[in-house]
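Taking it in order: structure first as structure tokens, then the write-up.
Which chain is which? They are A, B, C and D, in the order written, and residues in each are numbered from 1.
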Amino acid sequence: MTVKYSFKNDYSELAHPQVLAALAQIGNKQFDGYGLDGYTCAAKEVIKAKIKRPDAQIHFLTGGTQANLVCISSILRPYESVIACESAHIATHETGAIEATGHKICTVKGRDGKLNPEDIEGVLNLHRDEHMVKPKLVFISQATETGTIYSKDELEAISACCKKYNLYLHLDGARLGMGLNSDHCDMTYADVAELVDTFYIGGTKNGALFGEAVVICNAGLQEWFRYHVKQKGAMLAKGTAVSLQFMALFAGDTPLYDTLALHANDMAQKLAYGMRKLDFDFYSEPQSNQIFPVLPYLVWEKMKERYDFYEWLPVKEKGKPVVVRLVTSWATPEEIVEMFLQDLLQ
Amino acid sequence: MTVKYSFKNDYSELAHPQVLAALAQIGNKQFDGYGLDGYTCAAKEVIKAKIKRPDAQIHFLTGGTQANLVCISSILRPYESVIACESAHIATHETGAIEATGHKICTVKGRDGKLNPEDIEGVLNLHRDEHMVKPKLVFISQATETGTIYSKDELEAISACCKKYNLYLHLDGARLGMGLNSDHCDMTYADVAELVDTFYIGGTKNGALFGEAVVICNAGLQEWFRYHVKQKGAMLAKGTAVSLQFMALFAGDTPLYDTLALHANDMAQKLAYGMRKLDFDFYSEPQSNQIFPVLPYLVWEKMKERYDFYEWLPVKEKGKPVVVRLVTSWATPEEIVEMFLQDLLQ
Amino acid sequence: MTVKYSFKNDYSELAHPQVLAALAQIGNKQFDGYGLDGYTCAAKEVIKAKIKRPDAQIHFLTGGTQANLVCISSILRPYESVIACESAHIATHETGAIEATGHKICTVKGRDGKLNPEDIEGVLNLHRDEHMVKPKLVFISQATETGTIYSKDELEAISACCKKYNLYLHLDGARLGMGLNSDHCDMTYADVAELVDTFYIGGTKNGALFGEAVVICNAGLQEWFRYHVKQKGAMLAKGTAVSLQFMALFAGDTPLYDTLALHANDMAQKLAYGMRKLDFDFYSEPQSNQIFPVLPYLVWEKMKERYDFYEWLPVKEKGKPVVVRLVTSWATPEEIVEMFLQDLLQ
Amino acid sequence: MTVKYSFKNDYSELAHPQVLAALAQIGNKQFDGYGLDGYTCAAKEVIKAKIKRPDAQIHFLTGGTQANLVCISSILRPYESVIACESAHIATHETGAIEATGHKICTVKGRDGKLNPEDIEGVLNLHRDEHMVKPKLVFISQATETGTIYSKDELEAISACCKKYNLYLHLDGARLGMGLNSDHCDMTYADVAELVDTFYIGGTKNGALFGEAVVICNAGLQEWFRYHVKQKGAMLAKGTAVSLQFMALFAGDTPLYDTLALHANDMAQKLAYGMRKLDFDFYSEPQSNQIFPVLPYLVWEKMKERYDFYEWLPVKEKGKPVVVRLVTSWATPEEIVEMFLQDLLQ
């Protein structure tokens, strides 16, 4: 049996060699536990410099669902709720993790996986007294779950809306590298850190073995965060195991993190460009490393024999076109992309 | 400034070189996400063989607090409680993680960090109707939080008591390697797997970069466990990152895991033997890699200038003896142990 | 200032005189606490006879939100979710009470406030693995939140669907009296008790001072229910205070409960009939004691000067018709209804 | 079969006639729902005058466990815990209701069911970092669960300690009437309201049909309290049903509430005085309407044939003295007390 190349996701390979090398190089040096060591301090400084927020707090966690649930449950009081798109990861693919901490998610339809201020106001207008939850936090993702990108204008508008109505803003950055390094993105890490209350920089999907860097920008949310992290089982005894990776990803003038994300985006854009030339349609605009082409049924049948990828919408009827998701990563070889495009033609 | 050698814990070094090598060697090979890949399957088989329970279920998680809270909250109904020693990790050092999932911990005093059937029956006798919680799960640790060891007889008695009263039995194995490889232990991995419903094999404290292998022995608790893992933010996208480590630790006839634990124990016993010869007393019997000697005040003052370690009981008064905790690990050099004993004399 | 008559809800009057008389008549007789007394036993028997389920369990609680949250949280495991209409009381007007017990509500649009098997299957099809919650309980109301009525066929279809997919079925009976005594209803109390796992018979909205009778039909859900009731703060020390009321409401061949509900329905139907004759439209079919007429803007302005009632949909623009909710009760005088119809004409 | 008189508790009779009369007298007058009506406003004013805190907020709830869980869970953040006596109602007889809202209770032994500042400081000293919960609220009861009374000095000391360490203070007043009207009590309602952050005035155990008046003294805890009440299923649709009762209990210069509590205390003190004269010992000092005499085994056997009451400590061995609890109430006839004393002699 030959192994098919997988476009299923961007965490199909273990870690970039420089990340593993960073782990290997410290040998048996001793360090303090729970992220209170010098390596971790240094990694935090590097990230704070990158996002231009010396006053921010950084916490290294192990995964995205965990980062979301610790952040959100640490911010909200019991009767407060989250506003999010129907397509938001917390609303669909986290097994009710937010509700398990006691909070309702008020979903809105959104467009292209994105919210806008009118969506937020619409939810607020429906929640007016103590018989209803009180919406208090807005959840967005960059890049979104459908691969689209918020522009700086869009994020500024949401941020202003949140300030106006005294709402917190949390940004899921599982694919922040790909988001900010997209051709369609006009904002920087510093912009994100300026406009949101909390966000995280995803390592798992961009070359780390595992790990997410949670950033607490809002000073009012910093004091007790470590208690929440510990209580949710999210505090690693060896915090150093994550911080060394982030140091490898963010050190230097041309951080590996951005280089890897750019490669992932390039491979997806090359795929998209090639498919566009072949007249394929797309379910959503291909803007980052996740693209959603529409394959004619027979093409779909052929390609899934040769490659691994997910159907995005259920395949309802034989013969009808199929929307699929193709994900590229820091590790996707250009030759595979070219081969995929070739195979489409045959 | 010279760096002091630390006896603060057994997770002061990053990982055993063979563990890191196991991560490095797979290069850019692709694998399925969420622990559904072939590497993870293989690691699970190795562990099942080690514990002689082909019917058990293995789940790779990232830390001990997480392993305890996912196991316990997955088993109990809302009104059910845990029985544990006052010194149990879940009762003291997990920031109320179990209560945060809704469950009371009914603590008993215990002896040497250990429970017995009479303790359990005492709690049951106090809880008789719907105005009180219903105790339903017994929590123990091997080795215990004070470094002591349950004998096979003791564990069998607790297990029989649990069966008699229809209670679940969960064993915290953060230091299971050191527990089972202690000279004072007469039970095997297979004995543990036979006598408890759920337990975990701790990687973090015995040479892994991070990671704990949760074992679900009781078939009735297996079906939905992955849902609980995901909901609590405990499912790694790259489960392979843990399973490769456990493969490195458990493969072969003389698993690295046992070798490392034996070394940790040997170093602690060498320390204890040396201190006994110097007439030091111990707060609890030194049976594994955590020992609790009582230091005269002046000795304590001197030694803490040269080494890092925790005071176990608060230092209440100048001049009074101090109980300290010394922890050795797979990485503790024998020369350091000898130097420590020498330094005590000066 | 003259007091306007209120059609805002069916709990604007304290209690039917016979209910208060039942409380007054026992004087200083002593009884056991927590609903374990003879009066409560007798009331339970009367209800069990009424619903023809001698094997059911009855629990007297104090309110509807409480009844829903105790029932639902007692049934579900942490990763399981509820399927309900967008208009369901638990989804809109219970301040996230279900989420506060840890469970997601998966909402569907529904029609006329009602679910059908296709809605349920649609949710099940979207939830297939451990990254998503597992839908496990279907929530419906009779009468619904918009005053409509499930037919016996409809309830049987939902019940069969739940059995097919191994789902629990809970029925919110805050207005069960009005539901079952509606002209549009062809089912009995016994039918409900046969087709659902749990439901409650609402007292608060049909003549009781307060109180709901929760019925646990499914034997598998009975054993520990009192623990859940107590833990949620829902167990009255004087359970007798509720059971005496239910005895007053359900004793005899023509129970007061049905008589009162019939009156409430009759008053609403008289209103609806009168308004239909005057060519008013309705937002949803007037089938029980809640009706939702559409008032021309000027009529709305005039009538709200004379009567209290809620706008059902937000009043968006001056001049546009307004959907209002008129609720009648056991205490609504026929003269008021006639006066209201008269006032519409002027 | 003759019915034995019950000294089991102070909620064995339904309600004082004046309470029921207050409910009966308003007939079919309409009122707004959810405690937003004029009757409820008036009752709140009467209570605020009684406690001399016009700035306090009053909420009428239905039971003591509910009052405790809503107050405590509304105050604490997820990682914060409660400090309470081992004998505290929340720690023993509320089925883990507080833990079910996510919070640990740190118990201390106490003396006579009472805490003091040293107990509080002891707990604080043990909880120093994010690996442990953060104690943030002190729970006390007046009268206590063993019938004892805090003096004003004692309460002031606890209150000062709480202020010093930035802790909240919640007082369970299930038996506040009996507490404040005890001969051993030198504090007023106003003193309580001055010294604590939240407390409740228990109706259920002192003549009400049901109901507790929660008082939020700390202005910082008032704003969102109704959201918490609703979310926990604790908001009665007919709040009026409770407020009318409290109006009956607290109106006038000599409130019924105090009169009833005094009677309950008098009956208990008469019992205690009589038993003291007969040389009976007491398990705890008889200071309110719950007394705990020690009965010789044969006397216990005889008396339980004639009266209902609880054994306070388990009866361990035939022949050994038995500690029992005798509770008197507003409804206890003096003749019964005399008869009980007579029966002891025979």
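Here is the rule we use: contacts are C-beta pairs under 8 Å (C-beta built on N, C-alpha and C of every residue); 3 or more make two chains touch, one makes a residue touch a chain.
Computed from a predicted structure; not experimentally measured.
A.B. asks: Work out which chains are contact partners of both subunit A and subunit B.
C.D. replies: Touching subunit A and subunit B alike, sorted by label: C, D.
A.B. asks: Have a look at A-D versus B-D and report the one with more C-beta pairs in contact.
C.D. replies: Higher contact count goes to B-D.
A.B. asks: Averaging only over C-alpha atoms, locate the centres of subunit C and subunit D and give their separation in whole Å.
C.D. replies: 33
A.B. asks: Based only on mean CA positions, could you tell me how far subunit A sits from subunit D in angstrom?
C.D. replies: 51
A.B. asks: Averaging only over C-alpha atoms, locate the centres of subunit B and subunit D and give their separation in whole Å.
C.D. replies: Going by mean C-alpha positions, subunit B sits 43 Å from subunit D.
A.B. asks: Can you tell me which residues of subunit B touch two or more of the remaining chains?
C.D. replies: Counting only residues that touch two or more other chains, subunit B contributes 78-79, 94-96, 100-102, 130-131, 227, 230-231, 235.
A.B. asks: For subunit A, which residues are in contact with subunit C within the complex?
C.D. replies: Residues 78-79, 81, 92-96, 99-105, 125, 130-133, 314.
A.B. asks: Using the touch definition up top, name the residues of subunit A that touch subunit B in the complex.
C.D. replies: Of all residues in subunit A, those touching subunit B are 3, 5-6, 8-9, 11-15, 17, 20, 23-24, 26-33, 62-70, 94-97, 100, 204-205, 209-210, 227, 230-238, 240-241, 244, 331.
A.B. asks: Would you tell me which residues of subunit D are touching subunit A in their complex?
C.D. replies: The touching residues are 34, 73-74, 77-79, 101-102, 130-131, 134, 224, 226-231, 235.
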